[in-house]
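Next come two complexes, and both contain chain A; in the first it sits with chain B, in the second with chain C.
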Partner chain A sequence: MKITFPNMGSAIYAFKALLEPLGADVVFPPPVTKETIDLGVKYSPEFVCFPFKVNVGDFIRSIESGVTNLITATDFGPCRFGFYHAIQERILRDLGYDFRMIALPQGDLLEFKWIKTLDEVCEYTGLKKLSAAWKGVRLFLIKAKLIEDIENAEGKYRCREVNRGDTDRIKRELLEKLDATKRLKDLRNFRNVIHEEFQKMDMDMSFEPLKVFLTGEIHVTLEPYVNRDLKKKLGKLGCEVTQTLSLHDWIMHKFHVNFHRKEMAHLARPHMPLDIGGEAVWVLGEYIWAATHGYDGFFHLYPFTCMPEITARGIITNKLLKEYDLPPLFVSLDENLAEAGLITRLEAMVDLMHGKRKKKNEYKQKLNAFMDSEKQDYLANQQQHK
Partner chain B sequence: MVRVGIPRALLYFKFFPLWKKFLDELGCEVVLSPKTNQKILEKGVEIGFNELCLPIKLYYGHMAKLLDKYPDLDYVFIPRYIALDTKGFYCPKFLSLPDAMKANFHDMPPVLEWEVNSKQNLKAVWAIAFGRQLGMPTTRIMDAYSKAVHYYKEYHEVLRKGVPVPDALESVEKGEPFPDPSEIEEKPLTIFVLGHPYNTFEEFTNMSMMEKIQEMGANVLALENLPERVFEHRVKVSDKFDNYWGNEQDILQASNYFYNSGADEIDGVIFLISFACGPDSLIAEIVMRDMKDRGVPYMSLILDEHSGNAGLMTRIETFVEMIKRKKLMEVTH
Partner chain C sequence: MINNCDNKMTQTRMELEDGSKAGRMDMQEVYLGIDVGSVTIKLALVDPSNNLIKSTWLRNQGSPIENVKIGIKRMRDELEQESMLDSIQVKAVGTTGSARYLTKSIVGGDVAKTEIIAHAVAAISYHPDVRTILEIGGQDSKIIILRDGIVVDFAMNSVCAAGTGSFLDHQAARLGIKIEEFGNYALRSETPVSIAGRCTVFAESDMIHKQQMGYSKEDIIGGLSQSLVRNYLNNVGKGKDIQPPIIFQGGVAANSGIVEAFKESLKEEVTVPKHFLLMGSIGAAILAKEHFQENPGYKTNFRGFDVHDIEFETSTFNCGGCANNCEVVQVKMAENKEIVARWGDRCGRWEVF
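Let's look at the complex of A and B:
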């Protein structure tokens, strides 16, 4: 059974790890390109959010390349995501395609509704099925964590690389290596491999980058074509990118064991007491966290008219910005985003952050000088008293 | 007497009788912002961030107007409707409405927040929690709430008899008895206007569309006028999957009703959507495809702050005219 799923950055390697042990022949979706987006925009409702359109494009291209089993996640939360698969299925059926849509419920993973879906996909019977599913889930979680590690390292080291393109190459190689590793045993040491590979790279360790925090809606933040590879652009402009958002982060949250997200929700509680879907609550929490941990800037990516994220944006611009004074840049993504415009905005933002940091440093120096003189005065006084 | 201000926007069009009766019984004086006008709209567009939907922008405008007009308010009433049944959710913008308002209006009077989340508790429990904010004893709150629920049922019965929603709301506001349903003259066409009450009955933004359709010689049917049996069952969007949006539920139920049994009762459907409405962007797709399958003429009208009267009128006229011709063809052939 050939099976595929929509694109979501490097998270596709984790999905493959989940489905392959079940005996399915996993095919990666064709990478997102202009063609995908054009197809999606053509057949989707007019002002639905952007990930919907990209997914429709992905599905059409997958079906046309001969893969007719599509698996996609679904939710039961307040945002539009829960309706995705139902309406996408209807649109594709009306277009006359013959396919099978399999929904993977992720509303609350501790309800274990997803087991039924895995059962549906699995090719084996009896005990083999059980062991296959167990292996799939473990591989999925471990690989998702490793992908997160690779992406974190990428964000951290790209601004320091001496030879342009080293980080991309290492990331690509590591992901390929990860994809080729099929056994749990071989993954034990992989974390160290990631570390070593990045340490081998030529780096300018004296460089002091700007520290920025990148977050937003999960699909657009993880899929590099959709966000025009914002992370890479920031790295090239000399910013060290922190991004806690990843597939692993999300899955752990859905298993109720993500303590990072719990902390963020706690920070955001005075401003938004409940989860309203998307990443709104955690975006607020992360904004506060980043502002109190010495970050220079905050980048928020969201699809155009995304309901939860624009609420979060409203609260940041109207309230939190005045309280915490961390410069945010909001990028609203849709099919009409022009790359040149985005680059201009990024450059302006980087300039602003440099200016702000300079001011901060000057203030710090002044403060230090003042403190030193005070200290000397105090010491001199003490001397006199003696 | 405690004065409570309510902005005349959003869920006002749906739940106002309930709120009004409840607050009256608790001994509060309810004041409303004036009806929407150009200034309120402009103010809302100015305050609200541009990607927000039109009803939310109007809510901002009404809130600003309310605070401006009544500076001596004791409380501002902002509902937080999370879920009205165990499976559902409201749109995220409703879920965070008080937070968004608090973030925008910094020096507003204390907020009376009515949170309703049937996933966690009974509606009456939430009503008690709401009344406690006013420092009322529980027995009195219970009493007031049961009266309010009764009144709200009565209100819906009156609507089902055919009283237009704006008239009924006006009588609620003045504290008068409900108006009697006027004699409906039989017209050859019946057009069903689908949409959220804050779009269909907001006469400023939809340019009194309902009246204009009536002037063109068609009866207008709204969600509120449909019989109760339409709203009995949950709607399935696909084989295994239910709709979860609370404020889309009745729209889907109505569209389902006309898809299954009641297609002969109406001649056309107009779906009023406000621009950037998240739920409607998907629901409209379902309704459109359903109606197409069934062969019912369907048109969606998207409202925003730039809607022009002429353009809207042309589209409605064309639609009505087209249906008239279709009927004529059916008769002659």
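Let's look at the complex of A and C:
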């Protein structure tokens, strides 16, 4: 049976790895384009979050290309994401499409409700395919981790590339290679391959980039068309991008073994004691973490009308900014975003970070000079006493 | 304090040195700044000590390429009239505004920086202790927060055009008064009416309603100024730490009614600099100067004041290389078909800057 899922950046390669061993014929969704967004906007409620609209567009385009089995994640809240799958199914039914929607409950992965979903994907053949499912899950987790590594390396190396487009090419080649690898055994050395490939690139190692932290709502942060290639733009402006957010990060959190997120939640606890949906809690934690680890800027992406992320934004601007003094830039994304305005704000932000860094360095130099002179005075005094 | 004195001293010393240099040498170094905004184009020639030598501005109607060329021609004619054209030498060109990259490739610019930084740099050069810059232009409004001479925070309106010059222009036309008179009307108002300023659409319908109720023009305009300021402070200035000294620049600063309304609601002194309209272009020129001074032996890409005679062709095509089907814009020189600039694609395959 042909099956597909909504777009979410390079995470689609991991989803493919999950479903393929089950005997499903996995088809990638058509890449997000203007057409997808137009379709989604047309058939979605106006004030719903932007990822909802993009997903609807993805589903419509997939169904029209002949794939009628759709798999999508669902949650039990706390934000509007909990309603996504049910409402999307209704919208598509009202449009008269014939399809099957398979929900993948991800509220708490340790409840193992997702096994039922995988059973549904392999058409209720039950235990016969459990070993296949087990292989799929392992491949999924390992590939998701490797995709995270590729994305991290991309953020790290783009600002240093000499020939424009090298990073994009290497990333694309690595993802294709990853997709073509079907056996667990062949993935053992892949992590080294990623770094070797990127190291082959011509790089300007003397360049000192600005260090920025990129985070936000998971769908808009991971899907490059939706965030207008923000990561790429930052790289081109000379910023080394750190992004801990990824599909693997999220899945590990849902398996309760993501200690990075636990640390972030701990940092954010005085300001937000519970998970209110989206990435709000961890965004706050990451802001504090980035501010105390020498970052120059913080970029927060969220869909227009996203309740949890806007709450996080309010806490950062009103409380944390005064305390930690790390310049943040908030990008609210929806179909009406004017790209010229975004570029202007990005460039201004980069100039701001350069100015701040210059000031910091001057201060450091002054401080060092002062300390040196004090030290010499002290030594001279000691000499005299002797 | 000490720092300020120091700055002033070095400045005067620099001025003196420059004066003696100009006496000896016949060529004066100048820097050109071009600010291509949504409504107007501003050009400024600045000397090494940041003094404005020559400036011009015109409305940006139709193609910015043509208008920039007209602006440069106008500047050249003015320089020629004062027979200054041969005694100056353009060392570097800076562009800013929403069409900064296009302008940079047309005139042969050296640096293209955002309006935010250009405005901040210009304001610092005239008022070194500035801590807040309010800027309202034709289509967008910004707030820039500075501390110790560096930008620490900024905001600009993203989608909404409420409270910008275009809106005032439109409303002045509706009321049948000249935009130049707008400020005086607002100042004459004694009991300004309250007008919903959250959104231009609501503001307009509310204004029409007040008009039909028989309120005087003065009071309506006074109310409109106040609602514009309220909207600006609630939208752009929300959550920002506005501290004096405050500088108000951009085209709307010409409107004394708005200046008064700002003073009233901020309860602080608001300074309007002498060249409030040209601050963006002066900033661009200063940034060009800094670029020139940081790179010794730098040679400008400026095509000269005769850029008006060069014909440019713009065309668009759809790439078709992938599913995104990006629309690519390219600018060619008509004469030798050399591609000056090309952009609009997401992957960078066609990009030429």
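Everything below uses one rule, namely that the second predicted complex is superposed on the first by the 380 of 386 C-alpha atoms of A that agree within 3 Å, B and C clash if a C-alpha of one lies under 4 Å from a C-alpha of the other, contacts with A are read in each partner's own complex, and residues count from 1 in each chain.
Operating definition for what follows: contacts are C-beta pairs under 8 Å (C-beta built on N, C-alpha and C of every residue); 3 or more make two chains touch, one makes a residue touch a chain.
Keep in mind that this is a model prediction, so the values were computed, not measured.
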item	value
Combined model on chain A: chain C and chain B, fit or clash	fit
Partner chain(s) touched by A:Thr317 [first = chain B, second = chain C, both, neither]	both
Chain A residues touched by each partner, larger count belonging to chain B or chain C	B
Contacts of A:Arg158 with chain B and chain C, given as first, second, both or neither	neither
First (chain B), second (chain C), both or neither touched by A:Gly82	first
Contacts of A:Lys211 with chain B and chain C, given as first, second, both or neither	neither
Touched partner set for A:Gly355, first chain B, second chain C, both or neither	second
Angle, in degrees and to the nearest 10, that opens at chain A between the C-alpha centres of chain B and chain C	80
Which superposed partner A:Lys53 touches (first chain B, second chain C, both, neither)	neither
Partner chain in contact with A:Ser332 - chain B first, chain C second, else both or neither	both
Touched partner set for A:Pro45, first chain B, second chain C, both or neither	first
Which of chain B and chain C A:Ile276 touches, first, second, both or neither	first
Shortest span in Å between Cα atoms of chain B and of chain C, once chain A is used as the common reference	5
Shared chain A contacts, counted only where both chain B and chain C touch the same residue	317-318, 332
For the chain B and chain A complex, residues of the former touching the latter	49, 51-53, 82, 87, 89-93, 95-96, 99-100, 102-104, 237-238, 240-241, 244-245, 275-276, 278-279, 281-282, 284-286, 289
Touching residues on chain A, where the partner in the complex is chain C	30-31, 33-34, 164-165, 168, 225, 229, 317-318, 327, 332, 336-338, 340-341, 344-345, 347-348, 351-352, 355-356, 358-359
Residues of chain C defined as touching chain A within the complex	98, 113-117, 140, 148, 150-154, 156, 158-159, 239, 322-325, 346-349, 351
List of chain A residues in touch with chain B within their complex	45-49, 74, 76-80, 82-83, 85-87, 89-91, 94, 103, 271-274, 276-278, 280, 304-308, 310-311, 313-315, 317-319, 332
